[in-house]
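Each of the next two complexes has chain A plus one other chain: chain B in the first, chain C in the second.
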Partner chain A sequence: MLTHANNELLTRTGPGTAMGDLFRRYWLPALLSEELPENDCPPVRVKLLSERMIAFRDSEGRYGLIDEFCAHRGASLWFGRNELGGLRCAYHGFKFDVTGQCVEIPSEPEGSTFCNRVKLTAYPLVKVGDVLWTYMGPPEHKPPLPEFEFVTVAPEQTYTSKRWQECNWLQAFEGGIDSSHVSFLHSAGLRHDPLFKGSKGNEYNLKDLRPHFEVVENDGGLFVAAGRNADEGHYYWRVTPWVMPNFTMVPPRADHPVHGHLWVPIDDENCWVFTFDYHPTRPLTDAERQAMIDGHGVHCEYVPGTYRPLANKDNDYLIDREAQRRGETFSGVKGIAIQDASVQESMGPIVDRTKERLVATDAGIVKARHMLRNAALALRENGAVPPGVDPAHHRVRSFAIVLPRDQAFTEVTDEVAVARPGVAHVSV
Partner chain B sequence: MGKRPILASSCAAAASAAEARYRIDRPIEETRRTTVIALDGGAAKINAGAARSASERVRFVTAASPTACGETRPLVEDSDLVILVATSELQSSTASSLGRVCENTGVPVFGLVVGRPLERASAVSALRGQTNMLVASETPSDLADILSDLRA
Partner chain C sequence: MRVTVDLDKCLGYANCVADAPEVFEIPEESMVVRLLQPNPPPDMRAAVEAAVLDCPARAITLLED
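And then the complex of A and B:
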């Protein structure tokens, strides 16, 4: 349970809010690079942290993320012409470059320098991996670029998708550190999904529905671990790292690619879920990549031409009660991503956490909320640099491992929870 | 085959702020009784800090020896939730004694080990088999946060 004030603090990310200030200290995924596929391609509307912007790629391949609305009369630059090194407003022809600087006002007399004094808010937009990242905070505090392994491996080893989720970022994110729901909501996927099936770990998962949970602080966030009974005298551990504020990584299964998410606030009632899948040491197979494109694993199918899931709240997530009865799905909803989205969106745009009745196994969520709150307040009160800003914190991996019962999983994190180029992930 | 829902409140689209107004607004029942057991001297100090802001439903006890652990059985059986608090000072014999006390009571047991990673490692190991959920932290105030968030 949270107080109303703390729920407000953690869920509001617009300009001037404590959590908004915190998010503005990190590089955030803004778009997939496929959304701006070539120079002078059409611009794309982007809303992040309750700020409306326009993203474009100019004639020289430079990416820009600027205020959506023209400085002149406030028309949307989405209607603009992306040409000759800038985005020109369709209304009166004001032209802006990727830094937001107005570079041309056609109606001004020749030789006028007025446009030099017209500038839109602009944020850096940088391609790292398949993602275009932005930093929306004070320029003097801009951290080094992200180094999450899914964006640093070779392109043929990684795949990223994104989907719109119609609820606040926090309740979506909390699903990412809530290991106890996997044995229920996603149980059928472990048996059937091409990107999960065939792992010995799945057997342990399905046999032991009352895992032992451990939550351990680390430098960038937390390790949330679930230990299930394995062979005699051993635990099967699945360890999920959380890097503040919004990166989570699902423990792998067998030699399948490993996956995870970045949960990005669009506004207070919507978020983007950027979902990645990669293999640290080999290219994705054609079958794996196709399965991801087809919406298997942690990805989803889309309404054609959009990033809205095909199964969404307007069609009751295509719930299939017969499939539920047959045991093909636990909830009747198909696919890991939409199973999560359906229950999380059902909680409302911003769930009222004053009415929660948490249990002991929610300790990861409890701990994460307090770390976020403490970081937001420390930033506000003392300017403290929050955890997860340092790229060293990004070089982390999830892992699955069988260990003797008396051995702590933390004894092996220095070895197996660190991303090392060319070294395989540890999986069962 | 039943009819498809048509009302805004009878399909998934009901997950809107407007429909949230119609949620039943009845107070959530609080935890009846939580027992927080400090298993060593350092933990007793953490208990003392949390006791200042805890509700009357939470009772704080110290059981820093196997003998003292044995005496906590009635308290454990009378609880909805037991929280074991330990630091690097924990003796493994105390942890296993308390584990035997909690065994087969049906009461969920939550462990909190406070200390720096290397210093707390043996306490974490000692409590692993005795708890359903274990949090390892450097933050003593986690106990107050946990009590509050679990409505203890």
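And then the complex of A and C:
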């Protein structure tokens, strides 16, 4: 349970809010690089942390993320012409470069220098992996670029998608550190999905519905570990790293690619779920990549031409009660991502956490809320650099492992929870 | 009957507040519980015992005087 004040604190990320200030100390995924595929391509609307912006790629391939609205009289630059090194407003021709600087006002008299004093808010936009990242905080506190393994492996080893989720970021993120729901909501997927099936770990997952949770703090966030009964005298551990504020990684299954998410606030009632899938030591097979594109695993199918899931709240997520009856799905909703979206969006735009009745398997969620609140308040009160800013904190991996019951999972994290180039992930 | 809360263990699950609101509360700006009545009257015993059982952090102890 959270008090109303703390629920507000953790869920509001607009300019001037405590959690908004916290998010503005990190590089955040703004869009996929596929959205700006070539120089002078059409600009893209981007809304992050309740700020409306335009992303574009200029004639020289430079990326820019600037205020959506023209400095002149507020027309949207989405209608702008992306040409000759800048974005020109379609209304009166004001032209802006990737830094937000106005470089031309065609109606001004020759020799006018007015445009030099017209500038839009702009944030850096940098391609790392298949993602364009932005930093929206004070320039003097800009950290080094992200080093999550999914963006540092070779392109043939990784795939990233994104989907729009119609609820606050926190309730979406909380699903990412809640391993307990997998045995219920996603149980059928463990049996049938081409990107999950065939793992010995799935059997343990499906047999033991009462995992015990251990949550251990680390420099960048948490390890959220779920232990389930394995063969005699052993536990099957699934260990999910959380890197503050919004990176989570699902423990792997067999030799399947390993996946995870970045949960990015669009505004207080919507978020982007950036979803990655990669293999640390080999290229994705054609079948794996195609399965991801087709929406299997943790990805989804889309309304054509958008990043809105095809199954969404307007069509009741295409729920199929007959498939549920046949045991093909637990909830009647198909696909891991949409199963998550359906229940999380059903909680409302911002779930009222004053009414919760939490249980022991919510330990990761409860601990994460404490850490987010503490980091936001420490930043506000003392300017403390929050955990997860340092790229060293990004070099983590999830893992799944069977250990003797008397061995703590923390005995192996130094060895197996670290991203090491060329070294395979630890999986069951 | 005497109640204690180990604040090093309390994570603010707050099931105790639902079970025995006369004895426990989470102050509006806090993430952990505050004990309102360290010595609750006998008629609250059932509610306090439920709070002890329902605390996932096992942070609440009920002692006899």
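The rule we apply is simple: the second predicted complex is superposed on the first by the 428 of 428 C-alpha atoms of A that agree within 3 Å, B and C clash if a C-alpha of one lies under 4 Å from a C-alpha of the other, contacts with A are read in each partner's own complex, and residues count from 1 in each chain.
Just so it is clear, contacts are C-beta pairs under 8 Å (C-beta built on N, C-alpha and C of every residue); 3 or more make two chains touch, one makes a residue touch a chain.
Only a predicted model underlies this, so the values are computations on that prediction, with no experimental measurement involved.
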Fit or clash between chain C and chain B when superposed on chain A: clash
Contacts of A:K313 with chain B and chain C, given as first, second, both or neither: first
Which of chain B and chain C A:K367 touches, first, second, both or neither: both
Touching partner for A:R405 - first (chain B), second (chain C), both, neither: first
Partner chain(s) touched by A:G348 [first = chain B, second = chain C, both, neither]: first
Superposition-derived comparison: chain B or chain C, residues of chain A touched: B
First (chain B), second (chain C), both or neither touched by A:L358: both
Touched partner set for A:E301, first chain B, second chain C, both or neither: neither
First (chain B), second (chain C), both or neither touched by A:M1: both
Intersection of the chain A residues that touch chain B with those that touch chain C: 1-2, 356-360, 362-363, 366-367, 369-370
Of all residues in chain A, those that touch chain B in their complex: 1-2, 166-167, 210, 212-217, 227, 269, 313-317, 342, 345-350, 352, 355-363, 366-367, 369-370, 405-406, 408, 410-411
Contacting residues of chain B [partner chain A, same complex]: 5, 11-13, 15-17, 19-20, 23, 28-29, 81, 108-110, 117, 121, 124-125, 128-129, 131-139, 142, 145-146, 148-151
Chain A to chain C touching residues, read off their complex: 1-6, 356-360, 362-363, 366-367, 369-370, 373
List of chain C residues in touch with chain A within their complex: 11-15, 17-18, 26-31, 56
